[in-house]
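A, B, C, D and E label the chains in the order they appear, each numbered from 1.
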Amino acid sequence: MISIRQVNQLYGGTRILWDLELEIEAGSCTCIMGRNGVGKTTLLKCLMGLLPIESGEILLQGEPLHSRPAEYRARAGIGYVPQGRDIFPLLTVEENLRIGLPVRKDGAKAIPDKIFELFPVLGDMMHRRGGDLSGGQQQQLAIGRALVIDPKVLILDEPNEGIQPNIVKQIGDVILKLNEEEGMTVILVEQKLGFARRVGKEFRLMEKGRIVAADRMDNLNDELIRQYLAV
Amino acid sequence: MNWLTQLFAAGRTPGNRVLPFVTVLFAVTALASMANLLLPETSPLHVSTYTITLLGKYLSYAMLALAVDVIWGYCGILSLGHGAFFALGGYAMGMYLMRQIGDRSVYGNPDLPDFMVFLNWDSLPWYWLGMDQFWFAMLMVLLVPGVLAFVFGWLAFRSRVTGVYLSIMTQALTYALMLAFFRNEMGFGGNNGLTDFKEILGFDLQSDATRVALFAITALLLGLIYVVSHLILKSRMGKVIVAIRDGESRTRFLGYRTDRYKVWLFVYSALIAAIAGAMYVPQVGIINPGEFSPLNSIEVVVWVAVGGRGTLYGAVIGVLLVNYAKTRFTAIMPEGWLFALGLLFVLVTLYLPKGLAGLWGQLTAGRQRKADTALPQEAHP
Amino acid sequence: MNALDNARELMRPDRVWPFLVPPAPPIDVSKQVLLYVEGLSVSFDGFKALNDLNLYINDGELRCLIGANGAGKTTLMDVITGKTQCDQGSVYFGQTLNLLERSEPEIAQLGIGRKFQKPTVFEAHTVLDNLEMSLKTAKGIWQTLMARLSPGEMDRIDHVLGIIGLKAQRFRLAGALSHGQKQWLEIGMLLVAEPRLLLIDEPVAGMTAEETERTAELLTSLAGEHTVVVVEHDMEFVRSIARTVTVLHQGSVLAEGTMEQVQNNRDVIEVYLGEDA
Amino acid sequence: ADTIKVGVLHSLSGTMAISETTLKDTVLMMIEEQNKKGGLLGKQLEPVVVDPASNWPLFAEKTRELLTQEDVDVIFGCWTSVSRKSALPVLEELNGLMFYPVQYEGEESSKNVFYTGAAPNQQAVPAVDYLMNELGVERWVLAGTDYVYPRTTNKILEAYLKANGVAEADIMINYTPFGHSDWQSIVSDIKKFGGEGKKTAVVSTINGDANVPFYKELGNQGVSSEDIPVVAFSVGEEELSGIDTAPLVGHMAAWNYFQSVDTDLNSEFIQKWHAFTGDDSRVTNDPMEATYVGFNMWAQAVQQAGTTDVDAVEQAMIGQEVPNLTGGTALMNKNHHLSKPVLIGEIQDDGQFEVVWETEGVVPGDAWSDFLPGSMDLIADWTAPITCGNYNVKTESCGGQAN
Amino acid sequence: MKHLLAMLGCWLGLLLVTPVVQAANTPLPPTLEPLLEALVDAKLSQAAPVLTRLEAEGGEAILPLFRTMLAGDLYYIKASKRVIAVTEMAGEETQLDLLSGAPIDRLSKREISKIRVNNSLRGQLRDAISRLQLGSVSASVREAAVRALLSDLAPGTLDAIRVARLNEGSADVREVMDMALALNRLNTATEAADRIEAIAQLEGSLEGPVRNALNRIADSDPVPQVQQAAQKALVGIEQRVEFYAFIDQLFFGLSLGSVLLLAAIGLAITFGVMGVINMAHGEMIMLGAYTTYVVQLLMPNHIDYSLWVAIPMAFIVAGLAGVLLERLVIRHLHGRPLETLLATFGVSLVLQQLVRTVFSPLNRQVASPEWMSGSWEINPVLSLTLNRLYILAFALLVFFALMLLLKKSSLGLNVRAVSQNRDMARSMGIRTGWVDAMTFGLGSGIAGIAGVALSQLTNVGPNLGQAYIIDSFMVVVFGGVGNLWGTLVAAFSLGIANKFLEPVTGAVLASILVLVFIILFIQKRPKGLFPQKGRAAE
């Protein structure tokens, strides 16, 4: 589904991603893990087109994306839930959700009910400004918003940061459902092992801007954890 | 309000190159002064009085730009009305110079400036009293803009007026003052302002020596203000000021009363502007309400932006470049100079995002980065 | 009338003249309670974020505050630190100090430090500068103008840098840190300030398991000397540090007790933990 | 030098560009003309144009630049009083020579400046005389922009009107800021003031851009020239060329020149102007004539003095005579002001003025008004033995200015 | 062609008034010939008696000649001294022989000469026309004629009115005629009772001459009862006058407000919503005004319709300039809003100089269409100027159209999203480049439209924009950045405040006070009238 080849990325002179290689299969649910600051967010931003890459290729179903702007990638079916939520703070919840409607292929004019089934709280808060919501509510809104565009690939950057336990579980269920029932490809950055183990099918470990380990989730052993995730 | 916050968050604070700046400034001043006074006019190295007054004017403007840079570049307060403090300082100086004319005025009235005789005033209004004393006038140069800045800043910062709202308030302030000073009833000479000065402290304003002295004093003051500003900005207070720029409310939670810092800095900046105005007036020979015009203040902001805000020397460079360009262009291509100036502004923004000072940074990017990771090496004066 | 009052308030002598401000009175904890929150209500455009909330934090305690998203935890901290005005209720620091009539800097200077939910550090400053500014020192204009880092302060900063693991990044601009690193930096800023009361909003969000453990250790070690209030959704983390847990729901206290008690409270399970937590 | 340099100090940008650019072109045309005739003293004239950008301090700076960097022999320039006041100290310091071509408030006479525009007694006073005597005006609105020229003119007029028995209640004085654009209230006040049964006229010293909205408002509120005529001192053909004049027909202006005056010299001048600008619709106006007269006088004086030396030319200037475009001759008086005829014209719908009245002969410009207490006793005389711009005839001494 | 125009005229809402100047094709009685010759020969000061005789002898037949003369279109042929009318209709000059009423072959400018008129002649002509029109077929013309004669009730005029009164059919006209006669009685009657009766008749009239007469009587009538009656009548009149004066002032305020609104509304988008500190906003207004000028140049004969062409044209021209500016410059400055100040300041300098170079530094003449000139006379003391009225309506129209556009189209939502978080907006598939260009173009285009309106009020010159930029920013910020309603309310409240202060303090002080008020107000509401609320706005 997605191939990332030899990607290099620089932040004003500092190299963050080093010849990074990553393959994501269609319908998979891949969990990217690594310590703070290894470049996970950077990688996702490059994938989304929010950061320019220095060199390398990014392909979506064989179609090169790296020279395309972010809005094209969104239209091509990549949904993005950024770290820190990035809700449009002065738009109401409803407006936050409606933003994505024109991108949908089916031309729907109303926000799909599915979103409110998944996150009932959004229905209650329909007319509040996004910025006024509590952190957890915003996180739900961010996921809901990404789902509005009906993506083929869903990218989530630490979606459980600051979410109450039962909703964490619920989000997990949602991801599982999307992945298993609707066949959506999911790329997930996650620090919490428990959650990663429950939701992810695959894992990729990152270290210093490279993918250093890749396997099925079942094979994530203590050795790897100590080596790449412990401080 | 994403863009609003971005609006007032400028770049970071690199060193200010105090020593090179002050050395160059004083060297040029000394050389130019000597070349004007000592060399005969026929000498190819002679610096004309015209150039001296021009440089004097530039340096006064540089002070003004410094004032704007200190609050805008470092504290994120975009003042679109700093011309007001400049002009008030200028008026205080102008009033002194006006009183020095004495009975050499057109109507020969020893007490009343010409424009008052002209409009049938029969005595000096109270606010002109004492302005014939140099010390008192100089006190007023500082006091009037200082108090105005204090009251204005105190009101505004206490009510947490920030961003564009503050900018527009400053603009309204200078605009209101402009309209007020245009009124002839105000007793400041209306549109004509104050002009036709004869002498300062008994020195003939038209003599070369006085001109050079004024120029040198301006340079000295500029150097002094530069050094003081630098010291302030590199102290912990300077860090707090930058912190206020980047996250005022966070700074409050650290226990800093940010409104007081801002008022203080605003007054400091207004005083610099006032001194600049006071040095400007005797050198150009006129002060009139046009100096209060909001567009003038905006232009100052533009100088700072061209030079590169957030660095002190950038502000000075911006002033020199833009004003020199203006002087040259208005003479070489009187019909088309606005094209050139306008394009200059556009191109600088597009290609030199950090202004001219940033150009230096761009050229020496390599060295710069090393300095980032090493101990901060602030230049000591 | 109103305007007149406002003007009077604005012109209050101790607001105009800093030297008239009485020196901060000592914090009276004779009843062992450091923070009193009583009958607190806050509403936004009619929406009640806090609803008649009562909360007492003992001196030297480590208290965990949990509750559903939107329960009002952050809002509570906002009120305590002076960021948000409340509609009703009282907040006392010790027996005598009414926090509601003080401004944010005053409250901070009383010794209440805060870590924000979303990490907020000064991005244009280096890590070192961020810490320097947070030091527990006089915060007046003149003092900061004249301030130099004393060797003692230097050591303190070094020590904290070690704790938060940013020694190597000390001259980096804070803006160039990753999300997790910023979290640590903010904790560091809290540490160097040595506050009496620490309000910590979601410290381990975005941290790895290992780091979470370290944070837990750190917070436990702080308790006793300092009073700590932690908000967190990570139950494992809460379990590892908690002595007393308070559960907020819809702006008021739903349950309070040991982790054990809370975990088995039906209401808490229903609105917060979920069945199999 | 092998050329004679002529400085042109008119704003080409900023607010005053509207008025001053034309004068720059006029000077250039005159120079071209003179060069075609072989120049002066066997040398060609070379224009040096600078742009003081409507910025008053810049006028001083540019004057210094022209005099010291460019070594010009004479400057034609300035429009507003403040620009002249700004340049004046520099001219006196460096002993330069300037010709100032615009009507102004008077109260000044400098050795280094020749004033070829009208003084108040060459414009305002005759206009009021006309309104009072010919149109029987009894009530007066003195409306002006708040700066020195209107203030002085209105002071003079007020004194003059009162001396002629007009009651205080019959004079309404109104000042507005520069560029004032919302005239609704003021015009409606004028309408009320004029609707009280006595013949009313407006004497307008409104400056520059503010005139267009003023006249538009007059037209729209139906204030017609038969009911309440407006006589203006700052509105000429050029200002009218930016207005739709249909509603203004009949309002008046007082000047020393109108384009419509039918003389051979004038049609020749207009023709040259059209040829020079390549635009047949360009109008001419009073300050242009003042520039024309000033330039020709200077050329004559240089020829007579045989040098461009300022002191020599200055002395030669006095008594110089040059034909006006309107018929008579202009004479340079000892006070550096001209003797000129005064004309009053009514606006026509083609943007031109129809002369409805003119003074019998020429009126000598008065540097110091006889109606202001401070300057009643002052005269200017730049010939020996007085040689002074502000000579007090009572104390028989000269004020501080002369040195 | 004429047909087409006529149809267009109807379609445009009957705003057109047929030009007043229309020489009739009826011949003049030949007996007038010597008089006409005398008119040709007379100097300005001698023409009055000739006109009196013409009026007396010519009767209604002389009306066309008087009208032509009043309009300044009366000429004579130098050679034959015959009077002709030279009128310009739809770009074509027609010359009519007034004696025969027939068109003549065109003579060149040099062969004919104008018959000059001055103010006093114009006054006389106007009175004469009024008198002659007392017999007009149209009742409204008759009524207007009587009203025009009120201020100058000479015996001859009165006789004419009396005669006309006898067979006047319209009650309205009779009423005005009665008023004129009563006024005369008030002025001339020797019996106090007569005067009191006249006062009773005049009670409530708002006509200026009536008030003046009553005032005079109230002050100086020898009989105290008459004085009292006049005073009483005046009290009632003054009350009404004051009421109308209040309405008048309110209208002035609204009108000033509408100008501010028009000037600011485009900025409310480019600055308020997009966050670009657009110093070239004023120049966009200026472009709109110059577009109006050019449009009028291109269609000199259809000035009445020119504005309808100019409005879309100005929108397009300024809008394109805006799009260009956005694409070439502002696009590169995203995330650096302060730099937009610098760059657009540069652009504004360039644009100013550009029009100076292209159109000359002089002001350009933009004509007002007939239907926008003059005023709507509601009563003798209250008349609203038409141009202001139209501009007020136009400003509101533009405002609400814009509101609708932003509400109904996705552009409004998208642009807000883009300004709040550009990257996230892109991640949601919004084509930010397109949104930026369109929004900026829209804001600039509206500024251009504002320019069309302003061209009807003020100078069209290179400095036009500068005059409005400061005010525009003030209005937008005062209203609360990012809130269009705020801009509306701010504009009108500033306009009204200004106009109510002005009579008390004078124009300059009023502006100063309004500025001081803004400064103090922002202390109270640090985010403008309608602040952005919520956590994020902090």
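Here is the rule we use: contacts are C-beta pairs under 8 Å (C-beta built on N, C-alpha and C of every residue); 3 or more make two chains touch, one makes a residue touch a chain.
As the structure is a prediction and not an experimental result, all values here were calculated from the model.
Undergrad: Which chain wins if you rank chains by how close their C-alpha centre is to the centre of all protein C-alpha atoms?
TA: Measuring from the global C-alpha mean, the nearest chain centre belongs to B.
Undergrad: Quick one: point me to the chain whose Cα centre is farthest from that of chain B.
TA: So the chain farthest away from chain B turns out to be A.
Undergrad: State, to the nearest whole Å, the distance from the C-alpha centre of chain A to the C-alpha centre of chain B.
TA: About 51 Å separates the centre of chain A from that of chain B.
Undergrad: Round to the nearest whole Å and give the separation of the Cα centres of chain B and chain E.
TA: Result: the chain centres lie 44 Å from each other.
Undergrad: Cα centroid separation between chain A and chain C, in whole Å?
TA: Taking the average C-alpha coordinate of chain A and of chain C, the gap between them is 31 Å.
Undergrad: Name the residues of chain B that each touch 2 or more other chains.
TA: Touching at least two other chains: 1-2, 179, 182-183, 249, 335, 338.
Undergrad: For chain C, give me the residues that contact two or more of the other chains.
TA: none
Undergrad: In chain D, what residues contact two or more other chains?
TA: Counting only residues that touch two or more other chains, chain D contributes 12-13, 146, 175, 177.
Undergrad: Which residues, counting only chain D, touch chain E once they are in their complex?
TA: By the definition above, chain D touches chain E via 12-15, 17-18, 21-22, 135, 146, 174-177, 179-182, 184-186, 188-189, 195-197, 209, 212-213, 216-217, 219-222, 225-226, 229, 238-239, 241-244, 246-247, 249-250, 346, 348-349, 354, 356.
Undergrad: Help me check something: in the complex, which residues belonging to chain B touch chain D?
TA: Against chain D, the touching part of chain B is residues 48-50, 53-54, 57, 101-109, 115, 117-120, 179, 182-184, 190-193, 195-197, 206, 284-286, 288, 290, 327, 330-331, 334-335, 337-338.
Undergrad: Could you please specify the touching residues of chain E with respect to chain D in the complex?
TA: Interface residues on the chain E side: 44, 72, 116, 118-120, 122-123, 126, 208-209, 212, 215-216, 248-249, 252, 255-256, 259, 352-353, 356, 360-368, 373-375, 377, 383, 385-388, 456-463, 466-467, 498-499, 502-503, 506-508, 511.
Undergrad: Which of the residues in chain B come into contact with chain C in the complex?
TA: 9, 11-13, 158, 232, 235-237, 239-240, 242-243, 245-247, 249-258, 260-261, 264, 372-376
Undergrad: Which of the residues in chain C end up touching chain A in this complex?
TA: Residues 44, 47, 66-71, 74, 117-118, 165, 176-181, 184, 202, 205-211, 214, 233-235, 271-274, 276-277.
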